[in-house]
Structures are given as structure tokens and as C-alpha cells.
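Chain IDs A, B, C and D follow the sequence of writing; residue 1 opens each chain.
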Amino acid sequence: MAEATVADAAVDPTALFEFLLRMGDNTLILGHRLSEWCGHAPALEEDIALANTALDLIGQTQLWLGLAGAVEGKGRSADDLAFLRDACEFRNLLLNERPNGDFGKTLMRQFLFDAWHHLFLNALRLSSDTRIAEIAGKASKEVSYHLERSRDLVIRLGDGTAESHGRMQGALDDLWPYTGEMFMNEASDAVLAAAGVAPEPAGLKTEWDALVGETLSEATLKEPAEGYMQKGGKRGIHTEHLGYILADMQFLQRAYPGATW
Amino acid sequence: MAEATVADAAVDPTALFEFLLRMGDNTLILGHRLSEWCGHAPALEEDIALANTALDLIGQTQLWLGLAGAVEGKGRSADDLAFLRDACEFRNLLLNERPNGDFGKTLMRQFLFDAWHHLFLNALRLSSDTRIAEIAGKASKEVSYHLERSRDLVIRLGDGTAESHGRMQGALDDLWPYTGEMFMNEASDAVLAAAGVAPEPAGLKTEWDALVGETLSEATLKEPAEGYMQKGGKRGIHTEHLGYILADMQFLQRAYPGATW
Amino acid sequence: DPQERSFQERIDQGQKIEPKEWMPEGYRKTLIRQISQHAHSEIVGQLPEGNWITRAPTLERKAILLAKVQDEAGHGLYLYCAAETLGISRDEMYEQLHSGKAKYSSIFNYPTLTWADIGAIGWLVDGAAIMNQVPLQRCSYGPYSRAMIRICKEESFHQRQGFDILMKMVKGTPAQKAMVQDALNRWWWPSLMMFGPSDDASVHSAQSMAWKIKQNSNDELRQKFVDQTVPQAEYLGLTIPDPKLEWNEEKGGYDFGEPDWNEFFEVLAGNGPCNAERLGARRKAWADGAWFRDGLTAYAEKQAARRAGNEAAAE
Amino acid sequence: DPQERSFQERIDQGQKIEPKEWMPEGYRKTLIRQISQHAHSEIVGQLPEGNWITRAPTLERKAILLAKVQDEAGHGLYLYCAAETLGISRDEMYEQLHSGKAKYSSIFNYPTLTWADIGAIGWLVDGAAIMNQVPLQRCSYGPYSRAMIRICKEESFHQRQGFDILMKMVKGTPAQKAMVQDALNRWWWPSLMMFGPSDDASVHSAQSMAWKIKQNSNDELRQKFVDQTVPQAEYLGLTIPDPKLEWNEEKGGYDFGEPDWNEFFEVLAGNGPCNAERLGARRKAWADGAWFRDGLTAYAEKQAARRAGNEAAAE
């Protein structure tokens, strides 16, 4: 793995480990959800695009969780972290584990996450931890394409037929309470921000609001009021859905312990 | 566990083990499917009845798989057999792992299986293996009630509205190719039949046809032509659905090996 | 009003009110609201526990959980029947549930995230429910009182089973013990909230007390629950997630912190972690099952017509 | 017919036929049937492999499988485009798939039951497909030939990846090795059937050969496949589930048993283990996606109208 830089010396490794899990679990769980669509998308081009996005996200997972394992220093690989933790040890946003719903809901979830992911990765490119900056650099290229695509589709479907508009509005209203978690600071975030490793989540809200607001307006969709926001994912308190995701995802590693594949 | 009787001495323990797995896996997997309905049934009475049927089936599973473990003689408990085998080691009928579909499909699957289960258990009460006869005696009381109930509902829904009729006919047509497996003899069945342990499956076909035929006729449903019949479950070649059932069912035992609950 | 006075006198004397007897409109309405809310809670309560039936860790635990959930549906049935004696139909009650007009216990808007949650629900949620329900066995309304007697017996059985799940787990691996502590951390405060906010100021409560629909204040019951539960937690080797928890020798009970009532009201307003899913699941079950119920009705009508036809032919 | 004669001469000279050139109706129809069937196979083929993406055993394997399935959807796209050059639309082809009029490769009507099946599909199914497809790179129809060149390159990459999955597993635990043998047992015969029944007697085949749409007989290709695959199975330490398999020194190839053609025709007739599910999944995807496609169309129309409006205003 990458070597330690000057910056890490100053940073609590537990805080850094948690941070890296959040990044990697976000991409792992969303990648899992997208891959559930395989062969079931409403158009062949969408099958291809979803598989491609999932592929990018799984690739990013390998990098984030690989670094997490290195930072933890207990010899856990990215695979160990992906396949041998139970739900309460996962740190992904609740948004990313929401069920796929119809294709509109999947796209809306993707857009809301992509918008955050894009802004956050861009900020991480300036991380004082060069390992993080490097991963962010690679990932942000992929994610700016994800965002371009999901944003475009949200606009087209929002401003499409009455039915597509209604479905996209419904998806937005359902998913909205899961967006607040992206901007909630955890205790460890201040430490990381002070060390220049990662920006505090709350700081991205204004930019995200602008990007999302502008898109929704172009999509003729009504942005929901702020309202009550769900939380818990970053602390390992998830929804009932994550357990089922992991039961599938981890089956082989659990059923055949120690086997190599 | 129960002690060996005179009959077992004569019977190949592998054949007996396979037979007991078939019985126990049938009840385990169908019990699992029914319990997926919990809280989602179309009427409160149905929630209660399904939970009750599932409960009976899980209780029977404990007996069948407990005896299977004893016959195998390798120290495996009923729980070991339920939670630590992979799909290819399961011996249930494909019918029982079919997805629930709508409530009509669940009921039709139940009726088709109950009719067989009832007849087969009745025959097993005369088994030369007293341990089997005993389990069959207990189970057949429960199952004759299951049959009474599923048969009654098939009739009422078949002869209900045009919609309920259509749904029941659709369910019947979809599930019909999975009924043939109940009557297919495996190599080991002749051994068991010769020893008076269990009747050969093919021998129950006439009675089952009569029972099912009469019910379907009363339900104003059209019995499908015999046609091509799916098979594989009794030899461990299942549908793609079983893997997902097991991923959920076995999660805790797999994720926390050796823990007691 | 002499009728109301004599009604109150009968209640004061500890007599039971039965379905066909006169009762004040307020008494009827309060009971319908309370009994149907209780029934809805049993029905919605199937969902969080049902979430773990397919994943129960042993066949025995699976069977016990199935039996428990079946009991709960059964309780729902008694309670709907009890409410029906007050002149409301089960379908009307469902309609109120599905439209959001009727409530169910907010506790079921929390998710069951691990197997320990199934233990914790039995121990804490059923424990709190029993604390609420035991006095209701002496409720002035006969059918409700009798339903509660039956329900309380089963509930205390469920509570023991929940405790047993946790006992086994805390004696198990460190991971299992951590799972139990985590479950307690998540379920403790919502369980305390099950007794409702402090009711010092509630006129509503005072009337219910006079009518013997309610017999203890929320705070009394909450105190009783804490006093009963803390030693059990100690026995399990767990830490109650309340830094203010402390034995108060003087009052002969525990002092404890204030639940986050803000959270309580958010959950009540529909913002709990699972409100949308719970109500959505019930609405979907009802909508998807319409053809089934219609089919049974149509069959019954056909059968009645056939019988009538046969009788006519026989005449 | 001089036009047909000159067409055949061009083919005999190894010239490529291009979309806008004259061609016999039979040539066009045969190509449409074959190319669309091939395209449908790529699309339906996503399903059995997609079944294991969420359960892939490592992140690396998951990524590889995602990339593979994405490639297959891409192949579907090239092939639909190639077929469209013959005057049929993609929607028409979908319609034929959904109605059951058009076929897809029967192999995808078998279930993927373990992770070893993903390896076996790469090794055997892609292996057989390549055997069929390599000659098609020289097909007389230009767009099809070019699509096949691109596809074959990726397919042989997929085949190596499948073999690699199995290599890793046979070097693993006994359970893993047993899983691989079990996969071979289930996929061997269906793979041999992918070449179709013996075509000695088929007039159809003779015409396709003359048109250079088809270049080898089914039996030739099957023999080639067996000869290539048996040593690979030996390398993996596996047993081919065919007691009649034996090296024939004289012919320089293997003798082998006859596949169960009865099973082949049953699967073709819709009775395979997964026919109903595969076709059902595709139909459902299409039906559920109608609103999505309509939404995009409506947006495009609105945009066009807006542009037209702007232009009119600017004039």
C-alpha cells in the first residue's frame, strides 16, 4: 500500500479509518444496488450505463477499503472489509442502501448522491493526505461523468410526460429525507478538517443546494422543503435493508471461510 | 435421538439419510417461503393461518432433520443440517422454493404440496421404521388441517370473481410443471420401499390426481395437461431461487460460526 | 345528567360496562380510539419481528418467533373484536390506519437491525407493553378487560422468551454480547417513550382515569418499568445508556434522564426511521389483497344463492 | 436470375455485401433471423451471469463480472445495429423476442447455481460461442462480419477469465473443487448442444453455406470444441461427464457420446429450467420501462418544438 505521508502523522488513525470506510462503503453499497438492475433496465443503453457506473464504484471501493485496511494496520484487505463486516460496522449513507424502486427512483438516488460525491471528491483532490488526493483524483473523473448522466436523465424525465414527471417527483420526495445525512458532521470530521485531510461535510451544503436546485428547476421538479432528515448510516445504525444486502453479498465468503477465489 | 429399530438394520443408511433430508428440506423451505408473508397477508386471519402453517412445518423440520442427523451418525444436529449446507446439498422439491408470487400463487403452491404431503405422510405412518412412523403420525394431523384449509381456499377463489378465478388458473398453470417431481422415483426409493420404510413416490400419483382433480373441478379450474415436468430438487439441482433463500436463512450461522443462540 | 351519574357510579363500584349498555359518547370514542390503536399496534408490530423470521439463527428460535408473531396477530383479532362491540367495523378501523387517522405504537417505527433486537423487543417493548396493559385488565369496559387478561398472559410469556434470547447471547461470544448492548442502546429510550410524555397536565388523562380506562399516570408506569428493568440489565451485564441513571434510596426507585421528546414527536409526526415503510407495507398488503377478499365474498354470495335456489326448488 | 447469379459470384469471390446493395430476400431474412437471435442471446445472457454479480466472492471478481456483462450488452448493441442495416428496427426485434417469435440461445435457459457456473459459462459457453463465431468474422455480410471481429476479441478475453475462475477454485478447498466438477457436469451437455443438432440433412444449412453466412457444419464445430476442451478439463483435473469420451488416434480427435436431443428440443419448446423466467424478466423490463422511454421521447419532442419556436421567433 501507499506509504505514510507527513499529514497522517498528525491525524488520529481511527478517525481516518472511519472516514475511509465511509467513502468505500458508499461506493460498495451503491454499486451493489446498481448491479441488481443487471439485465432488467428499461433500455439496453441503460443496462450498459448502469453496469459501467457500478463497475466504477466497485473499483473505487477497492481503493478506499484497501487504504482503510492499510491505515487500520491489522492486516485486513479490502475484501476482508467488504465481506466480513456485519451491518453495524458499515458506514455508508442510508441513501445508498435505499431499495431500487422503479428506474426513476434509482436515477434520482444516483443524482442526489452523484452531486454530493462529485463535490466531495473534488475537494478531496486537495487533501493533505496524498493517498486520498490520488484516489479522489482518479474517482472524480469517473464521477463527473456519472453526474453528467444522472443529471441529464433527471432533467429529461422530470420534463418528459406527466407520468415520468410524477414518478420523478415521487422519487425525489421519498428520497429527500435521506439527503441531510451527507452534510452532518461527525466528531471525527473536525479532526480531519483541521489536518486538511477532508473538508467538513456541512461545508458542501451550499454548493450542493445550488447544483441540485438548478437541476430540479430545469427538470420542472419541486424541491421539497428541508424537513426532518434521517441519519445513522455514518455511525453504523442502518435501515432494515442493509442486512439483506449483506446476506447476499457476503454469502460465499461467509459460507466458505478462508477459501480464495 | 431415537434408537435404532429392526428395520433400519436392513436399509442403506445413505438412502435413509437422503430420504429424511427430502422430508425435512421440503418443510424447511416451504416454511421459509410462508414466513416471508408475515404481516403482508390480505387478511388478518390469513396472517395467522400462514404463521401457524409455517410453525408446523418448522416443527416437522426439526424432527426430520434431527432424525437425519442421527441416521447419518456424524454428529450433525438438525440446525447444522438446516444452516450449514449449501444449495446443492438440499433435497427439497423445486415446487417449494418457487417464489411466493401473489397470495393466490402461494395458496395454490400450498394446496398442490399439501395434497401430496398428506397422502405421503399417511402412507409413512405405516413405515417399518418406527421413528419415521412416529414423526409421520404427528405431522399428518397438522397437515390434514393444512390441506383442508388450502383446498377450501382454492375452491372459493377459483369459483369466486373472474379476477380471482383468473389468478388461480394462472397460478395453477405456472406451478403445474413443478408437480411431476413429487412422483419421480429416485434410485434409493426402491430400496426404501422394499424395506417397507417408505412407499415409492410414483405410487401416490393416482390418489393425488383424484384429490387434486376433484378439487380443481369444484374450483371450476382447468387442470393443465400433463406436459413436461421440471425436476432436479431431489438430486440437489435447484432453481436460482434457493441460493437467495439460503443466503438469508443461514446468515447468522455463517457470519458467527460456532456461536450458540 | 342522571344517566351519566349512574354510569359513573357503576364504574366507581367496579362494575363492568358491557356492549349493549348505555355509555357516554366520550367513553365510547375514547375506548374505540384506544382499543383500535392497540389492535393496529399488534398488526404493525408483526413487521419488525417478521423481518427476522427468515433469518432466525436456529430452528427452535424460528419456531418461537413464528409462534410469537402469530400470537400478536391473534391479539389484533381479539382487540378488533372488542372494538367492534362499540359499533365500529374492522374495515373502518383499517381505513383509519391506512389513511393515517388512527395511530399505532410509535415503537414499531424503529428498525430491527440484528437478532438481538428480537430479544430486546421481547424484553423491553413487551415489558413496557405489559406495564401499560396489566392495569387494563381491570378496565371498566368488559370486552376490553377480558381481552387484556388473555393478552397479558401471552405477553409475559413473550417477554420471558425475549429475555432468554438475550441471556443466551450475553453468555456467548464477545460479538454477540456487543450486539445485545447495541440493541439496548437503541431500544432503551424508545421503550421509555412508550409510556407517553408526562401527563400531569392532561385533562384527557383525568377523564380516562375517572372512567377507569386508564388507571395510572404515564410517569408512574415509566418509573415502575425502569425500576423493574434496571436490575435485569445488570443481571445481563449490560449498561443502560443513561448517565443520569442512579438509585434513589429516598424514593425507593431509580432517578433517570429525560427521553428526547423531540424525537418522540418527530416519530409521531411520521418522521421515524420506518414510518413510511410500516404504513406502506400495511397499505400495500391491503390493496394487493383486495382481489382475495372480493373473491371470498363472491363465492359466499354464490353459495348463498345456490342454497336459496335449492330451497326454492325443493318447495 | 442474373442479379442472383452476380450476387453469388461476388460472394464466391470473397467480396463483402454492404447494407445498401441488392441482396436476395432469403439472404436478408436469414441474416436478420441469425443476427437478431444472436443479439437477443447477448441480452438474455446478461441474466444468468447477472444473477451472481451481487454475490461475487471478491471485489475483483465482481468488477470483472460487471465488465463482462457490460461487454455483452455492448455486443447486443452492435448486433442490433448490424441487423438494423437490413431494414428491421430494434423495437421490432424486441417485439419478436417478447412474443416468442424470435429465439435466443437455449443455453441461457439453464440456471446459474453456484459461483463455479460463472467460470463454466466463461470457459464452456463462451468457448462454444467463439467456436461458432470465429468463422462468422468472414461472413459475407459486411456489418455482421465487422461486428463479429470486435465481439470475438472480447469473447476470448471472457473465456480466459472464466477459465481463470475455475483454475483458482480447483486449486482451492475440496468444496470448491467439487463445485467446479458439479458445474462441468451440468454445463457440459448443454454446451455441446449449442452447436445444434447434426445438420447433414439440412437444406437450410446448405444455402447458408453457399451464401457464406455459415461456414462449417454443426458437427465439425462440435468436434473442434470437444477436441479443444477435453485437454483443458484434464488440466483442471476434472472429469468430463461422458463415459463414451475417448481419444480416437485415427481421426485425430475425440469420440464422444450423443447429447440428449430430447432435452434440447424440450428447452427449445420452452420447457427448460428457466425459459419462463428469462423471457418473463425481459418482458417485464420492457413493460416496466415504457414510461421511461416515453418520457425521453416526450422531452426530445418538447426540445425540438422549443428549438423550432426559437428559430421562428428569431426570423
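Assume contacts are C-beta pairs under 8 Å (C-beta built on N, C-alpha and C of every residue); 3 or more make two chains touch, one makes a residue touch a chain.
It should be emphasised that the depicted structure is a prediction, and the values quoted were computed from it without experimental measurement.
Asks: Which chains lie in contact with each of chain A and chain C?
Replies: B
Asks: Enumerate, in label order, the chains that touch chain A and chain D alike.
Replies: Chains that touch both chain A and chain D, as defined above, are B.
Asks: Between B-C and B-D, which chain pair is linked by more C-beta pairs in contact?
Replies: B-C
Asks: Taking CA centroids for every chain, report which one is farthest away from chain D.
Replies: Greatest centre separation from chain D goes to chain C.
Asks: What whole-number Å value describes the gap between the mean CA coordinates of chain A and chain B?
Replies: 43
Asks: Cα centroid separation between chain B and chain D, in whole Å?
Replies: A distance of 37 Å separates the two centres.
Asks: When the C-alpha atoms of chain C and chain D are each averaged to a single point, how far apart are the two points in Å?
Replies: Here the centre of chain D sits 57 Å away from the centre of chain C.
Asks: Where in chain C do residues touch at least two different other chains?
Replies: 55, 175
Asks: Provide the list of chain B residues touching at least two other chains, using ranges where the numbers run on.
Replies: Touching at least two other chains: 86, 243, 247-248, 251.
Asks: What are all the touching pairs of chains?
Replies: Applying the touch rule to all chain pairs gives A-B, A-C, A-D, B-C, B-D.
Asks: Can you tell me which positions in chain C touch chain B when the two form their complex?
Replies: These residues of chain C touch chain B: 43-44, 46-47, 49-50, 53-63, 66-67, 69-70, 73-74, 76-77, 80, 115, 165, 168-169, 172-173, 175-176, 281-282, 284-286, 288-300, 302.
Asks: Of all residues in chain A, which touch chain B in the complex?
Replies: Residues 86, 243-244, 246-248, 250-251, 254-255, 257.
Asks: Going by the contact rule at the top, pick out the chain B residues touching chain D in the complex.
Replies: Within the complex, chain B contacts chain D at residues 86-88, 174, 177, 227-228, 230, 232, 237-240, 243, 247.
Asks: In their shared complex, at which residues does chain B touch chain C?
Replies: Listed in rising order, the residues are 28, 31-32, 35-36, 38-48, 51-52, 54-55, 58-59, 61-62, 65, 78-79, 82-83, 102-104, 155-157, 159-161, 163-165, 167, 245, 248-249, 251-253, 256, 258-261.
Asks: What residues on chain C touch chain A, complex-wise?
Replies: So the residues of chain C in touch with chain A come to 48, 51, 55, 111-114, 175, 179, 182, 186, 266, 269, 271, 273-274, 276-277.
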